[in-house]
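This is the structure I have questions about; it appears just below.
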Amino acid sequence: MKYVIAIIQPDRLDEVLDRLSAKEIHLVTVTNVVGRGRQKGIAEVYRSHTEAGSLLKKIKLEIAVNDSFLEATIDAILSGARTGNVGDGKIFVLDLPQCIRIRTGESGSEAIG
Amino acid sequence: MKYVIAIIQPDRLDEVLDRLSAKEIHLVTVTNVVGRGRQKGIAEVYRSHTEAGSLLKKIKLEIAVNDSFLEATIDAILSGARTGNVGDGKIFVLDLPQCIRIRTGESGSEAIG
Amino acid sequence: MKYVIAIIQPDRLDEVLDRLSAKEIHLVTVTNVVGRGRQKGIAEVYRSHTEAGSLLKKIKLEIAVNDSFLEATIDAILSGARTGNVGDGKIFVLDLPQCIRIRTGESGSEAIG
Amino acid sequence: MRRMVRRIAAVVGLLLCGAGLLYANEPAAPVPAAEIPAPVVSTGDTAWVLLSTAMVMLMTPGLAFFYGGLVRKKNVLSILMQCLIVLCLISIQWVTFGYSLSFGPDIRGVIGDLSWSFLKTVGGDPNPDYAGTIPHQVFMMFQMMFAVITPALILGAFAERMKFSAFCIFMLLWATLVYDPVAHWVWGVGGFLRRHGALDFAGGTVVHVNAGIAALICALVLGRRLGYERNISPPHNLPVAVLGAALLWFGWFGFNAGSALAANGLAGNAFVTTHVAAATAGLSWAVLDWIFNGRSTMLGVITGSVAGLVAITPGAGFVTAPAAMAIGLGSTVICFFFVAYVKPKLGYDDSLDAFGVHGIGGIWGAIATGIWATKSVNSAGADGLLYGNPAQLGIQAVAVLVTLVYSGVASIILLKLVDWLVGLRVNEREERIGLDLTQHRESGYTIID
Amino acid sequence: MRRMVRRIAAVVGLLLCGAGLLYANEPAAPVPAAEIPAPVVSTGDTAWVLLSTAMVMLMTPGLAFFYGGLVRKKNVLSILMQCLIVLCLISIQWVTFGYSLSFGPDIRGVIGDLSWSFLKTVGGDPNPDYAGTIPHQVFMMFQMMFAVITPALILGAFAERMKFSAFCIFMLLWATLVYDPVAHWVWGVGGFLRRHGALDFAGGTVVHVNAGIAALICALVLGRRLGYERNISPPHNLPVAVLGAALLWFGWFGFNAGSALAANGLAGNAFVTTHVAAATAGLSWAVLDWIFNGRSTMLGVITGSVAGLVAITPGAGFVTAPAAMAIGLGSTVICFFFVAYVKPKLGYDDSLDAFGVHGIGGIWGAIATGIWATKSVNSAGADGLLYGNPAQLGIQAVAVLVTLVYSGVASIILLKLVDWLVGLRVNEREERIGLDLTQHRESGYTIID
Amino acid sequence: MRRMVRRIAAVVGLLLCGAGLLYANEPAAPVPAAEIPAPVVSTGDTAWVLLSTAMVMLMTPGLAFFYGGLVRKKNVLSILMQCLIVLCLISIQWVTFGYSLSFGPDIRGVIGDLSWSFLKTVGGDPNPDYAGTIPHQVFMMFQMMFAVITPALILGAFAERMKFSAFCIFMLLWATLVYDPVAHWVWGVGGFLRRHGALDFAGGTVVHVNAGIAALICALVLGRRLGYERNISPPHNLPVAVLGAALLWFGWFGFNAGSALAANGLAGNAFVTTHVAAATAGLSWAVLDWIFNGRSTMLGVITGSVAGLVAITPGAGFVTAPAAMAIGLGSTVICFFFVAYVKPKLGYDDSLDAFGVHGIGGIWGAIATGIWATKSVNSAGADGLLYGNPAQLGIQAVAVLVTLVYSGVASIILLKLVDWLVGLRVNEREERIGLDLTQHRESGYTIID
């Protein structure tokens, strides 16, 4: 099993969720984050005092999937999140040795979906 | 060492924290997240316009533990978080090769607790 | 590649980001979290009702790096985040088998930076 | 079906019974009406009362923010909604028949008749029985805002767990069967407590004692929130509660000083005592917090101020500024210890201390009026204990008691009735998810946005 | 260059044309001026109108919060900024020349001349043409607040996508070329709609219909937001919107009851009808929501209340309280169905329903005034349909129509002009990031802090 | 022990010294009292001043939100708390002895005596020395709100780092030893600056210059915040700051127009100039921001508006509307450059620019009054530079200077005293965690909820 972490642009969330659904990947956890990357932020100004403004609002997705779904997941994210501009974000894939569904106590790959 | 990630119902947090304490697992990091799962959300309505409402408020716990504590951790989460309803969430267990305590610079399993 | 997760004191964020920049580590994702640790929180009081107050505001950093940068990353975090007081936090290092840049689709170690 | 009829019969019977008993308290000799100035509209008085009305109107949203900031995020809209629905609902009730019940031609000292429904004869000319220098309509509007905020005060007690449908029905019934008669007794021409000589300048008994005891009953009948008291989060947004308190304080000038129904020295006196009591009570709570909890708290200061405002309400136009300080101080001391030490012992869950602040503070205020009232402030009033008239204290106590008993009993009956009709409380799942989503299909704030 | 000249010429031509056409509607015989009381300042009336002015001033920030709470987090400041800039900009425009255009000495029924610019001759003495008992300056100030809030109402239509520079230019032009003439027609001495006998107590036509139709035009000309309507988040902070609605409601007492320009029975009547209509409309929306969406919503109640306030505006000083209930109920029914069913069919994106509430509600209110107006409330008014004068309905309809046509056409022209000058809409990247950062280099809230 | 006595002695000595020096400025000949109308209460005037009082009361919470929105999340309650405690504390001080010190029977032009403490003789009859048509109590209340907000203004300077205990002591001392005497000098019958002929309609010198210089001293004595200026987050909630600014603007109508103490043409004039100055200043800041920072900002507009309101305060009842525009524009230009370019050079950390806005804006306003004042607006006033009386400019400058020196010196002494008593500043750990938790054991917002 894999644990996929994706950082995307905030306004691409709906699109990515749709693409994931289309590939039957329904289970996702979403977090508000801010990120520093290549993308230059807009420097904010407060009473003429300029703030660095290097941290930009992003969305983090976490999706645990069975190995067979990994490619579909990545494709869905890529197709939904890509705008071609700097700041589109990253996908990180970690190994996931164990997964348990709290409601039933099931574990492993049947618990994941 | 293991890195345990649990997604639980918001109102189960206090209970889970208590159960963890009871098993001498005191160190936890908690995040607000929203999740899409099997649980059907309540569709919100704004001026008669219905919102999908698929993302529900959840709480994410992150707990780094020594291998010997893993089972106790999982048990504590399961017992504290389970209501038997859809939406109770998941526990994901990742391998954690390295851990460092910032204050002392200690690393490995003595740093974790 | 490694996936570094660090939990730090909220007011050390600017310092840590500076130290990371100084070591050419620019890409970071930042999240608001609360943590329970050794640090005793201040018990809040509302109309004479005392709240436990065990969850303290912390900042979580996530940094994906190539192996060669790992040490620099850890050093930067340690030097920026350490105050010597309880509550300084932890660094967790996970293995990161795969990384993809959404904008270009590049993957592996050239995608990470 | 038969069961239903039986129940309704029982309820009506009880209510009549209660009314009868209370009616028995009525003193024999009717008090002659005060001399009344010729009914010419004064623009200054009218301007002041119009404005006071607007200010009191703002108190209901103010209360919404005060209460709304103190609950959990998932219930914030339910509080705002309840306050605003009360504003809409009771305003209509008032115009249609409520005003007539409270202030209309008296029926045996107990209630007004329905001859003023739909504001029949309530027009631009003054009604010298109530206010000789402002249009009758304006007096009616001013009173409307009191009729609105009183039921709204109660909702602090059952916050975070009452069904919205039950809420609406209960509020309408309570306003009609509890507020309207009590207002008539104390303020209506011919009302038995008015004839009895009870002093209530701006509604200590009618508003605060009345709502406070109903709140206690609600808390008892509905039971505690899930997880009370360990797992109830602290106020989700204290700055919003402070905003609410600020609007309440602002509006209270209209509430109390507006109750002079004229822009004169009496209004000035009520304005001063109102402010002084609020300031003293706010500061005192900060001091008590410091002593007992190690730090002065923001929630303490606003709670104290509101307690002071409640306590000065019945006496605002009868006492002096130094007396207002004493009343403010007293309200804080009493409410602080009640909320901090007595309430936890008793174990009921009055979510936002509607009884602890309005009930207790209101009782104190009514009693305190009997202590510090003086004719030197208001010749139309009476002297209190400290000015050589201990009897006034008794009169005040009777008014409080009558209100406590009637409102308490009637509230129980109404709650049981509503419970039987639609059920009072949301189910456990709904309570966990929160009332905003389950009762209103909305969220107060977006999470991902 | 030549192109520019041509365009300007075209615009001016069109405007003149429009004005000419409208002017043709003017009835032949001038109406004699009403008898005017001797111009002595009344302190009571002055106090009331000063206060009403302050209350109406507060409506513009109130609107900012009402609208601001409903947009996405990333655009909240852009809304607040637009409202406050309108407050600053139009206040200055008003003092410099706007007031003179609207209320100054009449030029052929169409517009005022510039002889009162910079408040020349507008001083402490009453101007009996407009208000015989308050300083002329105070009347000017009161009117200023109307001139400020009217353009601000429009911005709900193009929220989250208009360039700030374009916004400023458009507002200044619109206030000068649309609001000022329309205000003159309806309220100015010699204005042709005033002479025509149209009833508009506090600005149903001048303010709401006028702004409403401009809002519709803006929504059409600017086009929909990116991702509309699937990917537009719900209100980011409903409690803030409720705060805004509360301030609007509070301020509306000044708006409507202040329009009596005196603290008398008429002000009292307007106060009552205003409140009753708002309450009825708020409650009705809750009921419709319950029926059609399964739950009463907070957003529904505040939307309904605002719709009710809009609808009662033209009739507040001409109708009775029961009529106000009918008007409030009607406004909710019409606006609810329009917003819920008609608007999605039409497919334009009026972000915050400025047309759906102010336009539709305003038209209903103007018509309703023609139905329920009665001289028994206001002898200076007229009887409506239900009081035996169906002609009034026609007069009202004409006033609405003239406003719709003029404001609609002029708005299109002005928008095109501004588009050509600086471009109306932010680019896609800016819209994605949000207006706060891209137009103002600020964020409403900190994320990490 | 001996050390303590020595210090106290030194302090008292210095204070007396300072007072003596200033007293020397006093002109020899006493000015005859103005003719006073017969002391009959006018309902219109009373309504207006009562209301103005309520509006000014609302400014203190308004300030709390204005300041509170600008600090970091972890300190928001500390700001709200400080404002509300000032409201409670100084209200009590005022009633007990403060009012008597400021307005009571004069002692050698320097201070009032204590014969009016606890409002002795301050009742429902007018005091024609101050206001002949409103109850004396109402005048006292109106003045109380000024006494409350003035110290509150200072707290912007030391936001996010002062101990709460030190804060309370400092505020009480400052109000008594600085505000009360300065108010007496300028407004009290017999006060030496009043006799000197200084114009200060609504408190430019007494309120803004006075608080502004104290703010500067506080910023200097307390030192900068940790991490200033790189690691200080931007405003945590700008919409809340906008709400605060809106309430301030609203309340300022009471502040300035209420200072006419009657509902007449003068109040109307003050109302107009107040609004016009605020609007002009807000707009000008937007323009300067556009020019110098590429975008108009929300924070800029509200900062500018407040600067304009500050600057018009002393002249509101002495200048015309076009002059108000000039004053508003001037205030923005001066404050903008001061805050943007001068302050960073000087390097002190006036957290929320209390000096930059109130101090600088107040000085400008006092001077500007000496330029634009005209007897055509207020015959009880004086002509300024532009109306042929350059001497007035000098008189204004002296009043400003006296205030700057006295308030500055006294503030240093009081701060040192309080530092020695309890310590002024929280420790580093507390500052890092935030004042809400460490000073009040509360959090403004829940994180997990």
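We call the chains A, B, C, D, E and F, going by the order they appear; numbering starts again at 1 in every chain.
Methods note: contacts are C-beta pairs under 8 Å (C-beta built on N, C-alpha and C of every residue); 3 or more make two chains touch, one makes a residue touch a chain.
Values in this document were obtained by computation on a predicted structure and should not be read as measured data.
Participant: Among the remaining chains, which ones contact both subunit B and subunit D?
Facilitator: A, C, E, F
Participant: Going chain by chain, each one touching the next, work out the least steps from subunit A to subunit D.
Facilitator: So the least number of steps between the two chains is 1.
Participant: Among the listed pairs A-D, A-E or C-E, choose the one whose interface is a repeat of B-D, with over half of the contact pairs the same by residue number.
Facilitator: It is A-E that repeats the B-D interface.
Participant: Is the C-beta contact count larger for B-C or for C-D?
Facilitator: Looking at B-C and C-D side by side, B-C shows more C-beta contacts.
Participant: Once you find the CA centre of subunit C and the CA centre of subunit F, what distance in Å lies between them?
Facilitator: Roughly 45 Å separates the two chain centres.
Participant: Distance-wise, how many Å sit between the C-alpha centres of subunit A and subunit B, to the nearest whole number?
Facilitator: It comes to 18 Å between the two C-alpha centres.
Participant: Between subunit D and subunit F, what is the gap in Å from one C-alpha centre to the other?
Facilitator: The separation of the two C-alpha centroids amounts to 36 Å.
Participant: Which residues of subunit D are in contact with two or more other chains?
Facilitator: Where subunit D meets two or more other chains at a single residue, that happens at 42-45, 47-48, 51, 74, 234-235, 237, 243, 293-295, 297, 299, 441-443, 447-448.
Participant: Going by the touch rule set out above, which residues of subunit C reach two or more other chains?
Facilitator: If we look for residues of subunit C contacting two or more partner chains, we find 30-32, 34, 44-46, 55, 85, 94-95.
Participant: Among line, ring, star, complete and other, which best matches the way these chains touch?
Facilitator: It is complete, because no pair of chains fails to touch.
Participant: For subunit C, which residues are in contact with subunit E within the complex?
Facilitator: 10, 13, 30, 32, 59
Participant: Touching subunit A in the complex: which residues of subunit F?
Facilitator: Where subunit F meets subunit A, its residues are 229, 234-235, 289, 292-295, 297, 299-300, 303, 336, 339-341, 344, 353.
Participant: Show which residues of subunit D lie in contact with subunit E when the two form their complex.
Facilitator: Contacts found on subunit D: 41-48, 50-51, 53-54, 57-58, 61, 64-65, 68, 76-77, 80-81, 84-85, 87-89, 91-92, 95, 118-119, 123-125, 134-135, 137-138, 140-141, 144, 164, 237, 240, 243, 439-446, 448-449.
Participant: Any idea which subunit B residues touch subunit D in the complex?
Facilitator: 9, 11, 14-15, 32, 34, 42-46, 55, 57, 85
Participant: Over in the complex, which subunit B residues touch subunit A? Could you list them?
Facilitator: 5-8, 31-38, 54-55, 58, 60, 74, 77-78, 81-95
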